[in-house]
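Notes for the one structure printed next.
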Amino acid sequence: MTMAAVELNCVTKSFGDVQVIKGVSLAIRKGEFVSLLGPSGCGKTTLLRMIAGLEKVTTGSIIIGGTNSTRLPPERRDIAMVFQSYALLPHLTVRENVMFPLRMRRLGRKDEQQRRVDEVLEMVQLGHLANRRPRELSGGQQQRVAVARAVVSRPQVLLLDEPLSNLDARLRESMQEELIQLHRQTGLTTVFVTHDQEEALSLSDRVVLLNEGRIEQEGAPTDLYSAPATPFSASFMGSSNLLDVQIEAAKGAPCATLAPGSALPLEPGCAAAGPATITFRQEDVQLLPADAEEGILATVETRLFLGSRIRYVITAGAHRFRCLASPGHSFAAGQAIRVRIPPGRIRVIGRTLA
Amino acid sequence: MASHREDWAIAAPGLLLLLLAFLVPVGSILALGVRTEGGEFTPAYVIRFLTEPYYLGISWRTIKLSVVITLVCALVGFPFAYIMARVGPRLRLWLVILITLPLMTSVVVRTFGWMVLLGRGGLVPDIMRSLGLVRRNYTLMHTEVAIVVGMVQILFPFMVLSILGVILRMDPRLEEAARVMGCTFLQSVRRVVLPVATPGIVAGSLLVFTLSASYFITPSLLGGARLPVLAGSIYETATRTQDWPFAAAQSLILFTAVLLLLFPYIRLTRKAGG
Amino acid sequence: MVEAVPTGVRAAAVIFMLLVLAFVLGPLVVVAGVSFTAGDYVTFPPEGLSLRWYRAVLSADVYTHSAITSLRLAALVTLAATVIGTGVAVALHRRRIPGTGFLSALVLSPLVLPTIVFALGLLMLWSSVVGRTSFYSLWLGHTVIAVPYVIRTTLAVLATSDPFLEEAARTMGAGPWRTLFHVTLPQCLPGIAAGGFFAFNISFDEAILSLFLRSPDIMTLPIQIYTQLEFSPDPSIAAASALMIALTIFLIVAIDRLLGIQRVAA
């Protein structure tokens, strides 16, 4: 018996003939903050809704806090959820909204409930707005009410369905910080659905990357970021440079050949010879003048000034890739240059099929 | 959330009411129109209605009046709806209330108002007489004009709301674009707004036509006994002559005509609403 | 765009609107005017001003009795139609029972199908199943045509509410029935109120069904006016009619004060 807070065993979900979740197994530890990350249509929200009990599970099982909850209706699962639209009850005040789960779940006596509501409202700094109605609050305040309403019942697991996507950029950043702090204070096991990889990376203990109803890759944020295992992971984690190359094991240290006579050195022992896909991040590409001692020959195709950085599109032989450089040294479009990428920064992610 | 039993439970009273107190009675009256006393199928009543000149006259008058009512509603309703779409939302709301107010008062009340206005010695004949148009003691009561006037008053809001919905959904920049491309104001209304509003006009016309064919208190009070229309004839047949199968056959004909016109109406409004 | 409308067209538009409104509201104004006449005959403009016909109406048993019947009927129809219609609207809005699209068209059909056909059919069925027509046959008939209004207004309100409220309530521990009473129905209130207004108004003003389904000893106010119209119109009809118009306007204003007419008219 593992004591995971939430356990998914080979969960699948079909709508009619279409299978949208194709066998997902996942164990979430107590107190862990897990993000379900993926593009729209990858099944992340469906998976979350299955944990909540809002979607039926086609096959497999879901265990929440040691209770097999696969067939339980949502109200009998020990969960709480924050919806993308917040779903605050418009006819109730902020206090009544936060009180609602305690009333429905009959948790504690009336005065005890009052105390807990006040406590949680203080925690999200909304004590002074307790008697307002949701429509009188700003978007950020509504969001905090939704969070308060979810944590007040101290559920086994807190489910968050893209709760920050309706906020503007600045508010989103401060809400991220608040969410981290809240997670530290409450220690609640949290499942967070998002399509924003930065959000997933900055908030979670563990990121589960979903693609077409399957887990593509899971791991700590740093692992996913620096060691994408598949082309999909690499491109979704913002490593937009994916090159199909030939790996050649010359003199012990392998290198990736982009074109005859131009090869990028790789770390020793990272891949066998043959065709493969390599990936590296834009910011790891170093541009050097054409007369430099090292690096492969390449050409600047376009140059985009972004303020703090400059983005170049580089061509080397038949390959194109992007580079994000600081504005210290500048190259013009059409200029011949040399490119160096530290061997440790290049990932070989499997053989190409082509 | 297994079988949604609670959805069925809360819908059941309404669905049962509709089934037992609406569909079954309507169905049985329609069936009565094509049955002999023994319960066999007979088209005799329907054929009687479709061949006797008196009843053909009634059908013809019903259709003629409905067409005129629909045309008047459309001709007045389009500019009215267009202007409504271009005023502020608060004024628009009150305009909606004002034009639907007659609809929300009792048919007998508003018909009484028309009787006072159109009857002998009423305001309208008086004005017409002082303009030298008619002789003394002229009355508009018991004329087809009176029926059209009384029906347009109540069916007008159906037309206006149906057109208004379409115009409000239209991108107002379409008109600005037309003006920038050299249309005058009236040209832009004719070439841009009118085509956009056409589905609304057609839907409104279908609705007004079917409703005008099925009302009977207004036509029978304003038109009198000498100008019967189909719905009024059903009432007369059922109450005066007590000839229920024949009243049922007339109901069947009215019902079929209404259904035939409602199908395109539903299709149009679905499309416009989607 | 509005700025670019020629002045002439604008003036014509204002005159056009006023003419149409005069046409549409004229008969109601006339009825109100006649009701204040001091003379013995139905004339417009009225001959002098007095409240004598209101006194006549309020002291005449035929009017007060039929008015009480109509009010009682309308109140019961409102009650039945709102309870029944709200349930259907909520179920249809959730779109979980099969054939929802077809059912919606079906439940709204009494709005557009000829009332006379329905009236005839219900009279026939009532006579053969129950027997004599009574207050209850009227209640039934009026409720059937009032329910679609409640369904429509409630559906309209539900369409603008947050679709995740019910699910949110479920995740907070409310079962299906508590969700209905604590979350869904409070959302529906403006729609139910508007539907209730229509239901009351429809029933109070209805004449076609009443002609068929009433029994000889039951007289509703519209039927009372109808028989007087065919018989001998005198200004007391105008006073009774004016009171009916006043009730309708009062209800509209009450709805506006209570809920705000914008929310209801949606």
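A, B and C label the chains in the order they appear, each numbered from 1.
Just so we're on the same page, contacts are C-beta pairs under 8 Å (C-beta built on N, C-alpha and C of every residue); 3 or more make two chains touch, one makes a residue touch a chain.
Fair warning: this is a prediction, and the values are worked out from it, not measured in the lab.
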Please indicate the chain closest to the centre of the assembly, with centres calculated from CA atoms only.
-> C
Two chains sharing the most contacts, counting C-beta pairs only = B-C
So what's the Cα centroid distance for chain A and chain C, whole Å?
-> 55
Report the inter-chain centroid distance for chain A and chain B in whole angstrom, where each centroid is the mean of the CA atoms.
-> 58
Centre-to-centre distance between chain C and chain B (centres being mean Cα positions), rounded to whole Å | 17
Which chain A residues sit where two or more other chains touch them?
-> 53-54, 73-74
What parts of chain B, by residue number, touch at least two of the other chains?
-> 1
For chain C, residues contacting two or more additional chains | 170, 176
In the complex of these two chains, what residues of chain A are touching chain C?
-> 52-54, 73-75, 77, 79-81, 83-85, 87-91, 100-101, 104-105, 149, 153, 159
For chain B, which residues count as touching chain C in their complex?
-> 1, 4, 6-8, 10-15, 17-18, 21-30, 32, 76, 79-80, 83, 86, 89, 93, 95-99, 101-102, 104-117, 121-123, 153, 156, 172, 175-176, 179, 185-186, 207, 210-211, 213-214, 216-217, 221, 231, 234-235, 238, 244, 247-248, 251, 254-255, 258, 262, 265-266
Residues on chain C engaged by chain A in the complex (per definition of touch) = 161-165, 167-176, 178, 182-183, 186-187, 189
Interface with chain B, chain C side, in the complex: residues 1-2, 4-6, 9, 13, 16-17, 20-21, 23-31, 34, 42-44, 83-85, 87-88, 90-92, 94, 96-97, 103, 105-107, 109-110, 112-118, 120-122, 124-125, 140-141, 143-144, 147, 151, 170, 176-177, 180, 201, 204-208, 211, 221-222, 225-226, 229-230, 233, 237-238, 241, 244-245, 248-249, 252, 261-262, 265
